[in-house]
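Structures given as structure tokens follow.
Each of the next two complexes has chain A plus one other chain: chain B in the first, chain C in the second.
Right, the complex of A and B next:
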């Protein structure tokens, strides 16, 4: 691929992504002009407050509701997508993702336990949910990989996907059980299982943003190792990459990204599968591009799905997980069939 | 510089594959590893390269290979595995450039101009430079083999371990491969004489590329010495439990 073409594609993608974000913020029952929207954003960023001529209600709708919600969706979509891209490379499996490996379901059980029991971390109260999500997500993915390895030493595509599915179902069972025993939270838990960005605000962004940045930098620093890992453990070892260590570090990062996303928004599937796949088709498999572009594409896709979820049956909201699944499931099937046909 | 193996035993799971191996390979040697299917040739290569665990001693330049950092070990020994699965369609250029990871200076494996220059040279040497922008899933088996060979050369280590490098290559490329390996073996890397350790099934190729033979049977070394004595009809009968001489028309090639 020539460099000029790639550069152009990156610019187009970035512009498209910004455009989608603006559309997501503007669309809805309350209309705002572009001028007012940028006025509000500028006013808050420069600390001048609401600009003249803009109603305070408009300011609160856009600055305290829609903006953080869209950004939250964007970051969650991006976080899930880069963790998907990373898992796929590590396991050399286009069907691997936090969702198919059960990380998302595991994380949601952790979050549900926090919700039901009311336990909080001392001092870092705000981090209780993401922390529980991280720990349980990590436990599930470890269980999935250990089980896969026990059954099939080479950890083939089908084994991983099947075990992930089995674990997800099992963990969902636990979640169902929790919601049956705890009537008070059952509605909340149900919504959790489908994911939603409703009422996500700046305080969520404040946690998501630094975590995303740090994890993204961490993964970017490993991008060449990940390229080498995509050739499988044996070749990676031969080329000088410590396969085990690289796997452990990157799975930790992925579990953190997924855990925190799920803890804040619930289980949302398929983005982590679809975004990296599309990005590889457009930009090739090298991770120094796959990772940032997956973030942008996954983020934009998620923001768009959230827009659909809150507008299509307006004023009712449908869970965003349902939207991504409705778009993602046929895509998943497509990837599965095509990759099977290609297997030599 | 040499590789020293003492009382080495290797396992796959609980099955013992290699039993009590003693071996010494000096820098500058050209060693053929022969034996029937399942005799432990591939396992031996992988243990020597430090990729699979072992009991006993495997020392490279006096250091136990299993306690070396992976990247440090890969600077000294590059291994081209027999089967190379491709999961993601990297371009030929990207693939060969990845070979420079171990030897390139930066901690996170950044690429510098020297790496690029060397990768291009390796692609030229292996006759794949015109495939530079193709993707791995567009290549034929033989082309892929040559690309992976170029990537192994790009690793720039004085010990080159090749597991059936002639796989998928037509007769012309097999001959070229021998010439290339012989030429490479006369050079030095980081002032260490280059050494070849190769598994071949094609005895003709083995004799063209190597001077010493290590013949294996059931996980043990049963012959170690000059290649012409290691590939006599009697020796081959012993190794393969099969009369190789009667199978080959021209007895002179044996």
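Right, the complex of A and C next:
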């Protein structure tokens, strides 16, 4: 692949992603002209306020409700996708991702416990939920990898699927138990199992944005090492990469990305699996491209799924996890069968 | 040969079982009808005809849903499965004849006898209702919201079940009240209630006419506070008696252009920009304050001016003559200047009539 072609593809992808974001902000049960929409966004960004001739209600609808929601969906989709790309590299397995390994479900238990018990962190109250998601995500990912190792050292596809199934079923059981004991939150917990961006505002974006940026930079710094580690731990050691350290740091970052996404929106599956695969098909396996492109593609995909979830049965919303699952589950099966055929 | 024998034996045993079962049910049926007839000597004749040939029984009249019903000669025991009906029955002087109510009717328990039975209107215990041996059971459209009546087995058992579907207009509500009166032999009392309601409504209309044309307000009625878990808002459109109430008060229903009972998105509610918001949800105290605190609603005229009010759900959501009073309650929230002095009650109206 030549450099020029790749550059063009990146530009096209970025433009496409911006276009999708605008569509997601604009589409919905209330109509707005493009001019008014950009007027509102421009007004807020430049600090001039709502331009003349735009109803203040439009400002509320688009700036306070729809835009943070679309951005939130974009960031969560991006965060899940880079963590998926990272896990696939670390475990050298095309089916590995936070969702398929049950890490998302694990993180949701942490968030659910916070919700039910009402515990908050002493100083950073706003960060209680993402923190709990992070801790429980980390616990589950450790459990998942330890279990996988115990079954077979090479971590085959079947093992990943098996582990994911066991962990997800167990965690769903815990969530069901929690919602039985705590009637008041049962509806909230139920929605959590499927994920939703409903009523997500700027305050969620304000937490998501810095975490995404920091994690993204952290992973980008390790992209070269990830390339090498895709060949296996032994090769990596031989080429002078401290495989163990890289693995621990990147797993920490993945757990943080998954934990924060799940804590804010619930368990959303398959983006983290699908986006990196599509990106690798288009841009090749080098992680310095796979990571940022996974973020863009995963984000745009998630924003689109959220658009579907809030418009297709409007005014009712369907959980966004249901939308991603409808698209993602067949994709998962496809990857599974293709990689099986290859190994035979 | 052995096989054939085995099959014959098997067939014979199943046949024996089947017939045994049939006999059993026959016996229990017979004992049931016996018990019923001995219990209700008063309505023996009608009971008999229904028990023997329920499908071909001649119906005396139609209920409000258009189903033929056979009225017993005398009505001594009434079961009411809707609060609106319970209220009407009490006010036409039949409180002492009510033997069973739905759980929502407990608001009026003070007027009823202490040992009145209570049932869930969505999944009623039909056997327990039948055991009360009622002469008539009033049901409502709320129960059959799913499409099938949960009272079907009661109807099949021959109990007189009179259905009153949810009325879409105030004229229909008046017909519902008259129907209850006719069925229970209290025609004139029911007519008085209807007359009081109509007088009351025209009194409200007269005041509403004094609201200047330019000051007409747009009102949004909300039956819930939207949340992250449930971002949909329930409201009313045209073709409902509540929309008609807005017309009586001289206010504009924010979603009057759409048909029926509606669910709308938060964005649609904001885009409608109502002048006043009425919260029709008694189950959530403080709903008015909750709406004022919603993120993104600060630009809505009603929120800006603090014109979000909690109204009495029991008054407006139970379709009977008391919706007239609900009109006045709403009007006081929407046009306080014009309606502050209005202190009419339905009783006063009834006396005037």
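The criterion applied here is as follows: the second predicted complex is superposed on the first by the 343 of 344 C-alpha atoms of A that agree within 3 Å, B and C clash if a C-alpha of one lies under 4 Å from a C-alpha of the other, contacts with A are read in each partner's own complex, and residues count from 1 in each chain.
Keep this in mind: contacts are C-beta pairs under 8 Å (C-beta built on N, C-alpha and C of every residue); 3 or more make two chains touch, one makes a residue touch a chain.
All values derive from a computational prediction rather than experimental measurement.
Superposition of the two structures on chain A shows chain C fitting alongside chain B with no clash.
Contacts of A:122 after superposition: neither chain B nor chain C is touched. Once chain A of one complex is fitted onto chain A of the other, the partner contacts of A:191 are limited to chain C, with no touch recorded for chain B. Using the contact criterion defined above for the overlaid structures, shared-chain residue A:59 touches chain C, although it does not reach chain B. By the touch criterion stated above, A:316 is placed in contact with chain C alone, chain B being left untouched.
Superposition on the shared chain A places chain B and chain C such that, viewed from the Cα centre of chain A, they span 150 degrees in steps of 10.
By the document's definition of touching, of the two partners only chain C reaches A:199; chain B does not. With chain A fitted onto itself, chain B and chain C come no nearer than 41 Å, counting C-alpha atoms only. Touched by chain B in one complex and by chain C in the other is not one residue of chain A.
For chain B in complex with chain A, the residues that touch the partner chain are 13, 46, 49, 51, 69-71, 73-75, 78-81, 84-91, 94, 98-99, 101-102, 108-111, 133, 135, 137, 151, 155. By the touch rule above, chain A contacts chain B in their complex via residues 1, 89, 92-94, 153, 221-222, 224-225, 227-228, 230-232, 234-235, 237-242, 280, 284-286, 342.
Residues of chain A touching chain C in their complex: 28-30, 55-61, 64-66, 187-188, 191, 196, 198-201, 310, 314-317. The touching residues of chain C, when paired with chain A in their complex, are 226-233, 263-268, 270-271, 273, 295-300.
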